[in-house]
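Below you'll find the structure I mean.
Every chain is named by a letter (A, B, C, D, E and F) in the order it is written, and numbering of its residues begins at 1.
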Amino acid sequence: MGQASIGDMLNEKAREQMKSMSGTGKTISELKAGEKADGFYLVKSFEVKKTTNGKQYIDLELVDKTGEINAKIWEYSKETEEILAENPVVKVRGEVLEWSGTRQLKVNKLRGKNDDDDIKISELIPSAPIESSEMLAAVKSYGKKIKDSEIRLLVSNILIKYEKKLYYYPAAKKNHHSYMGGLLYHTLRMLQSGERLGQVYGFLKMDYIYAGVLLHDICKILEMDSDEYGVVSDYSMEGKLLGHIIQGIKEIEIEGEKIGLSREKSIILQHMVLSHHYEPEFGSPKKPMTPEAEILHFLDIIDARMFDFEHALEAIGPGQFTDKIWLLDNRNLYKPTDSNQ
Amino acid sequence: MGQASIGDMLNEKAREQMKSMSGTGKTISELKAGEKADGFYLVKSFEVKKTTNGKQYIDLELVDKTGEINAKIWEYSKETEEILAENPVVKVRGEVLEWSGTRQLKVNKLRGKNDDDDIKISELIPSAPIESSEMLAAVKSYGKKIKDSEIRLLVSNILIKYEKKLYYYPAAKKNHHSYMGGLLYHTLRMLQSGERLGQVYGFLKMDYIYAGVLLHDICKILEMDSDEYGVVSDYSMEGKLLGHIIQGIKEIEIEGEKIGLSREKSIILQHMVLSHHYEPEFGSPKKPMTPEAEILHFLDIIDARMFDFEHALEAIGPGQFTDKIWLLDNRNLYKPTDSNQ
Amino acid sequence: MGQASIGDMLNEKAREQMKSMSGTGKTISELKAGEKADGFYLVKSFEVKKTTNGKQYIDLELVDKTGEINAKIWEYSKETEEILAENPVVKVRGEVLEWSGTRQLKVNKLRGKNDDDDIKISELIPSAPIESSEMLAAVKSYGKKIKDSEIRLLVSNILIKYEKKLYYYPAAKKNHHSYMGGLLYHTLRMLQSGERLGQVYGFLKMDYIYAGVLLHDICKILEMDSDEYGVVSDYSMEGKLLGHIIQGIKEIEIEGEKIGLSREKSIILQHMVLSHHYEPEFGSPKKPMTPEAEILHFLDIIDARMFDFEHALEAIGPGQFTDKIWLLDNRNLYKPTDSNQ
Amino acid sequence: MGQASIGDMLNEKAREQMKSMSGTGKTISELKAGEKADGFYLVKSFEVKKTTNGKQYIDLELVDKTGEINAKIWEYSKETEEILAENPVVKVRGEVLEWSGTRQLKVNKLRGKNDDDDIKISELIPSAPIESSEMLAAVKSYGKKIKDSEIRLLVSNILIKYEKKLYYYPAAKKNHHSYMGGLLYHTLRMLQSGERLGQVYGFLKMDYIYAGVLLHDICKILEMDSDEYGVVSDYSMEGKLLGHIIQGIKEIEIEGEKIGLSREKSIILQHMVLSHHYEPEFGSPKKPMTPEAEILHFLDIIDARMFDFEHALEAIGPGQFTDKIWLLDNRNLYKPTDSNQ
Amino acid sequence: MGQASIGDMLNEKAREQMKSMSGTGKTISELKAGEKADGFYLVKSFEVKKTTNGKQYIDLELVDKTGEINAKIWEYSKETEEILAENPVVKVRGEVLEWSGTRQLKVNKLRGKNDDDDIKISELIPSAPIESSEMLAAVKSYGKKIKDSEIRLLVSNILIKYEKKLYYYPAAKKNHHSYMGGLLYHTLRMLQSGERLGQVYGFLKMDYIYAGVLLHDICKILEMDSDEYGVVSDYSMEGKLLGHIIQGIKEIEIEGEKIGLSREKSIILQHMVLSHHYEPEFGSPKKPMTPEAEILHFLDIIDARMFDFEHALEAIGPGQFTDKIWLLDNRNLYKPTDSNQ
Amino acid sequence: MGQASIGDMLNEKAREQMKSMSGTGKTISELKAGEKADGFYLVKSFEVKKTTNGKQYIDLELVDKTGEINAKIWEYSKETEEILAENPVVKVRGEVLEWSGTRQLKVNKLRGKNDDDDIKISELIPSAPIESSEMLAAVKSYGKKIKDSEIRLLVSNILIKYEKKLYYYPAAKKNHHSYMGGLLYHTLRMLQSGERLGQVYGFLKMDYIYAGVLLHDICKILEMDSDEYGVVSDYSMEGKLLGHIIQGIKEIEIEGEKIGLSREKSIILQHMVLSHHYEPEFGSPKKPMTPEAEILHFLDIIDARMFDFEHALEAIGPGQFTDKIWLLDNRNLYKPTDSNQ
């Protein structure tokens, strides 16, 4: 296989991150109750509020790659408010408190990041473990493997249309892959798994597998409003009333008509998008009726589950159970102790 | 209300039917085991088969307005086969047998309807109780009540596009309104009920009610293949893989774009079509989010249920229960005795 | 239609309300955090409590037509307690605070409403948008439309028996129509819709429709304990152990026997009450077996849903979505922008 | 325990049955394909029909304690028809055939039972394994154990009212206890179990346990139409539209009122009847809210299940599995081999 | 019946408890907001924490037979921490406060129980109402009633293996029988009920009933980690990944093999354990296929429910309803008023 | 990848089959109503029966790789019966009839296969498309890839124990992989897919993946009784009462103990077997709690579905839909037309 494995790509980027991170003081996951805080964080949102006795203060949410923390600036000033309004990233000093099990950052000092600070925004944003440009190239190369020229053109046109947003869109507002580049990362891993399952189940038509994966979630870009850091503020009006499955079907219908895609191929691809959630209560009124649509569903769910399992287990040590995870039907996951495996 | 009530229309047509029917000998529902049969029937389908000992015979299905019966022509001849191939309506003589509770017509004599026979095909076809032309006019007049010019144009364009097929399409392959003109009849009664509920719930936007009703099932015309007598042979390929709801959404998207319909109005109408089956397991991945979409669902289900109840009760006498009706969750319906009500 | 439409009735009363309301200072919905409060409110409940360090205070719930707010009187005095005990309506001055998103009224001054105050209790109570007397008359007039003399007498007797409570009973403890006169309002709108659907579906027996609607919820009067302002303190012992459906069936059985109602009619009406919630898990062990029972269910649910939709949308502007509404399966409702509709 | 155990009663009657049965030739369960038949059977129903070529024959259903068989009399005669019309029990000679796995009795000779025949109708009817008179006495003695005089009177009055029918009513149209005396047998075993569980759970109020058991199914007598042999032809009109649970509640309400039963006791008993099927989808809109209502449910279901298990296992040998039993969620029951247990 | 009834046993122990309890000052259930507290309590857990402004305090949970309360020691000292670490039971003085409906104990003084204090730990621990030694003897005596020598030996071996832990293990981490000796108490009552139902349903094989009850929950001892006061800290690793049903099956397989138990008997007993939760979603992938397995399920659920009902009703007066009980599907239980029952 | 791909193996064997098949006359799938039959078939079962008029005949089921057909030998003779009893394969001549849509083979002549016949039994038996010996070798080679020596030994021991039966066991009584070698084929394809997904999701512990796949269904060998041609006569007693999941867990427990496998590894593997059906209603009381258990489930279901899809689509032409497939929730599968893909 000429293409670098996802493991290889991943290691390189992760290694680089570890290095650069050290310059930012403490990451959010490192902040402990009772200790001092000092570091660069991304301002997710802030709001000016009043205490019970009428005093103004600022309530803000700070994030970095490692997590999120609520913070308070008890001494309000117009200047502070302006710093927050103008700087996506701020340098913060303060103390970490704990309030019935939840950490809170009491901010004592705060300034915007300036050019002398040796820190790039991209280093702070939670994002996929591979660079977007690298993922986008890999994803496009799968598009080129499609042998049917009509389907290949359709996929190519749609990728070009959404390329810019695909660069940073997350795959969800919260839950799995809800970070910058998440949609690309999700798509790429599904393509890699799909390619490999196609080696075992030789009767599968790979053109539909590749095209189905590439198009199945593309209209999440229309369903949600994300900023360029992968943070979704809300679903769009059309997203709420119709949803990305229906939007994706219309996309294929219309773009297919433009290039004279045969009706049959267009309908088969639309059916794959329609059925990929599998169960009516998850948004698919039809179940897969082709083997490629069936596999598409499993590629999708396997990638989502592997994401959830991997992240849940990162937080605990060997021989331990996680807390109940709501997303996984309240399971407590177990991390085996490492022996010689 | 200037428009004639559905009651008035109905009576006139029904009366006329009763009259013309008398010329056709026995209707299918009148055929009794052990008696002679003599009448005009529509040939739904026929097939040449062989008996266990290799003799050829013809197996055929006959229908009229009142029902359906399986028939056998035990003496095969090439001429008989040709008569069946060339004549949609035949005159049949024979005997009615019963075979473990099911009637069967043993055909003794058969000929095609000729011009001297005082019988029109339309009199034999199961169909809505109002003339299609009258229903189409009524339905169109509701389209004209839409005040918003964009929505009115959209609806008008789509009605014109499908007008010819709307004339005879049934509303389903089997079950409720599965006869010639059934789709029109279903639409008309929903419009009449919608108009009236709008008088009680004054805050409803009638433009969306009328447009929603007129468009909600229109793509059943694309979902099913019906002949001009309202008999559906099968679902179309696109119908099976996507379904009339998805097809209807695409129709509005594309026809709306053509006339510059505002995005908001287009999405709201698409949402109405998407949500009108209400439950995911019945094909609606989203529940209604506007009052007009909510009402559309109830107009639809009330009309289907009233159809089922009315027809089930026609078959029994006062003070009796029907058999279990599968379509209605195996209920046994009850027909009250008539007192002075 | 000789009878005034519900739209007409509604407008008149609403207009009058707007006028009188202006005399009461700020309504509860108008109270904003950080501002002063000054107005007449209904005392829903109050309790003397102690703070952590042993000081007495009064915790109270105030309501008016527009909403509800929690209030605190931090300086306890015996006199204040007595004012609250003796006056259903009080004039309050204070400040509005906000506590993690919830408003709270800090009461500084408080007195009972006296005769000089130009405010009537009825103006403060959340209630149906039409006068109870007017609704009661309209509802009774539907009772008189019943042609069957036995059924008409049964309905008349039961209405007379519960007339006084029907005047003010809500239709629920919370949720839809849970205000003074709510039961009457719910019944009236169902009668109006039922009458209209009867015009479309001519085979429906209107006597059963009218009687069914009039009796379906009447035993909510026995199921819940409501004061004369339509506030339900609790369900009754019989209400909890049996519920209004079972109570309503017994009512018809017993009142029917008294007047010699035919067994068949009595059972049919009991069946309508029994089946009107449709699904076993909502309290109906039998599904409707007559078309009139079927329609009764739809009249009921349409009116409840229209109530929920109308009120949810009142709180937002055009082009906006509501928050998730638990009662409506967590839907976010959408309010279309007004164009020329 | 002074009262004879159900085991004792049962053995006596069973032993007697075995003896008397020997006089009737072959029982229905003993009839085998390819062999002669000769015995007394009960005529459940018969009908005169015509073969395909127009010949008359008689189609009849014969039963005895051990089972049921379809029979044909191919040579029709008026006399034979009259014998069947006039004699509940007939003596039959013929041959047993098998038709795709189903046995059929070809009748060659047939006459009515006459006084010389040493066979009693009661010996042929499928019935409970204890004499009805004995069961009725036992059941009544439990009624007398009720200490509360009001409840005791209520139960006594209702038992007297239905005593005659209770003597022969089955507990169901088909399935468990669907034979003569089945309702009594079901009631008796529940009383015996209830008495014993009351010894373990001392806080239970036995008055409610006894009264609840005695009344819970009593209105099956109104729900179904049974002949005096325990064969149910159909459900009654009221049974279909309301059901025995609702009918039982009304019974308690009305009979309670007659004797001045306190409202609380009446409601508690009605609640027990209402909740005894436990799940809404099985007919109980409320779940048990008292421990006695909770136990009533378990007494009911245990008795039904033990009936099903006992009868299913009777038909197979040790170490074998039954076929799938639809009533028991398609379970294959297993009968352990007897060792020294 | 030679064996003392459970009622007799219970009264004796309860009476003794009432007496001894009086020496401990106020029980936890007697503590009221605004009053002083003075008594002996068991220290369930404690933790040193910091207030928002950095001061240390101790947060602790105190329990006795009657309930549980959160307490705070605002003045931290190393000595106090040591007292808590070394003494399972402490004498506490303080004040009871209430915080949004929840009681909290502000501790002013605290010392360890010393030998002069006239109080035994066992008097403070929530436990079954019968002494463990008495229950163990009774449970074993049922084991001896098993007639099949192989099964009797199997049961005896397993009881001996787990005897020590059985002495104090609860039947659950929380919910029914979650106190010291709960598992024994649950088992004993099931044995008593099983014995009695065997008198009514004479075909039941009592050996399997007794063995099934004795073994059905025995591996809760392996599933949960309980201290000797019956307090479960957590589930074991094997308990979480497999559960006590699977563990119990393996126990029977392995212990059965050791003593040469016949395969059939072993499998039947394993099947009883496997199926006793009845529904797949409650942990039983197979439904009972023998009558003894069927009854085992009902014995289990009846005992759990009676536990829940009895305890819920203890807390309220006659004629009252409990709050909604989550464990019982949010039912409000009703306690009938005592009349002469 | 050194190992030959499954595609390569498959083609070779399939090609060989096609060749050898031609020698057997017509395969069962080629038999058409009205035509002659002449070929070698496997005798699945036969029974001597009697016609209505008492004549003996033989009813038999014949199978080959391509399907199954019911046959009748109307002229009974002792010799014919003996031929059937002694020969697994017979040569048959006769005529194919059709009976209400079902084919039936009327046998005219029949003899046992003798040594001169150029046909091997293995050529007639429905079986996996790869030779068992080849599959077994491939499966074992995966066992050797396990790095943990304890787990490798466990898997090796269990494979050796069941090797002989694994050679021919099907994976199910009916449905997917229900043919000779089906269990091996299912296992092999899962191993191949598991290996490939491990390349994409690098954090997965491959030892558990390989061991989990190899052991997950191994106790189907104990659950079902199969002959050496892969035909399952029935489930075993233990299989019915416990099932292969429970049996597999006990297998790992016991075999693990024998070799001193660490408790943790044993429990993790048992958990994988326990959870691999994923949903309680499909037999898994616990959901996967490790990523390897999660993947195991998907490997299993993907292989089952691909089997079903592939076989369903083989029967139809491009551009066609299959009939409703019960196993796949009544879906109609669609086979795309081949273009240049």
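In this text, contacts are C-beta pairs under 8 Å (C-beta built on N, C-alpha and C of every residue); 3 or more make two chains touch, one makes a residue touch a chain.
Note that the structure is predicted; figures quoted are calculated from it, not measured.
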*When the contacting C-beta pairs are counted for A-B and for B-C, which pair yields the higher total?*
B-C
*Find the geometric centre of each of chain C and chain E from their Cα atoms only, then give the gap between the two centres in Å, rounded to an integer.*
46
*Please work out the Cα centroid separation of chain A and chain D, and write it as a whole number of Å.*
64
*Scan chain B for residues touching two or more other chains and write them down.*
237, 240-241, 264, 268, 271, 289, 319, 321, 332, 334
*Quick one: do these chains touch in a line, a ring, a star, all-to-all (complete), or other?*
other
*Which of the chains touch, listed as pairs?*
A-B, A-C, A-E, A-F, B-C, B-D, B-F, C-D, C-E, D-E, D-F, E-F
_Residue numbers of chain E touching chain D in their complex, please._
5-7, 10, 147-149, 189, 192-193, 196-197, 199-203, 205-208, 262, 264-265, 268, 271, 287-291, 294-295, 298, 301-302, 305-306, 309-310, 313, 319, 321, 328-329, 331-337, 339-341
*Which of the residues in chain B come into contact with chain A in the complex?*
237-238, 240-243, 245-246, 249-250, 253-254, 263-264, 267-268, 270-271, 274, 279-286, 289
_chain C-touching residues of chain E, taken from the complex the two chains share_ = 33-34, 97-99, 319, 321, 332, 334
*Could you please specify the touching residues of chain D with respect to chain B in the complex?*
50, 52, 54, 237, 240-241
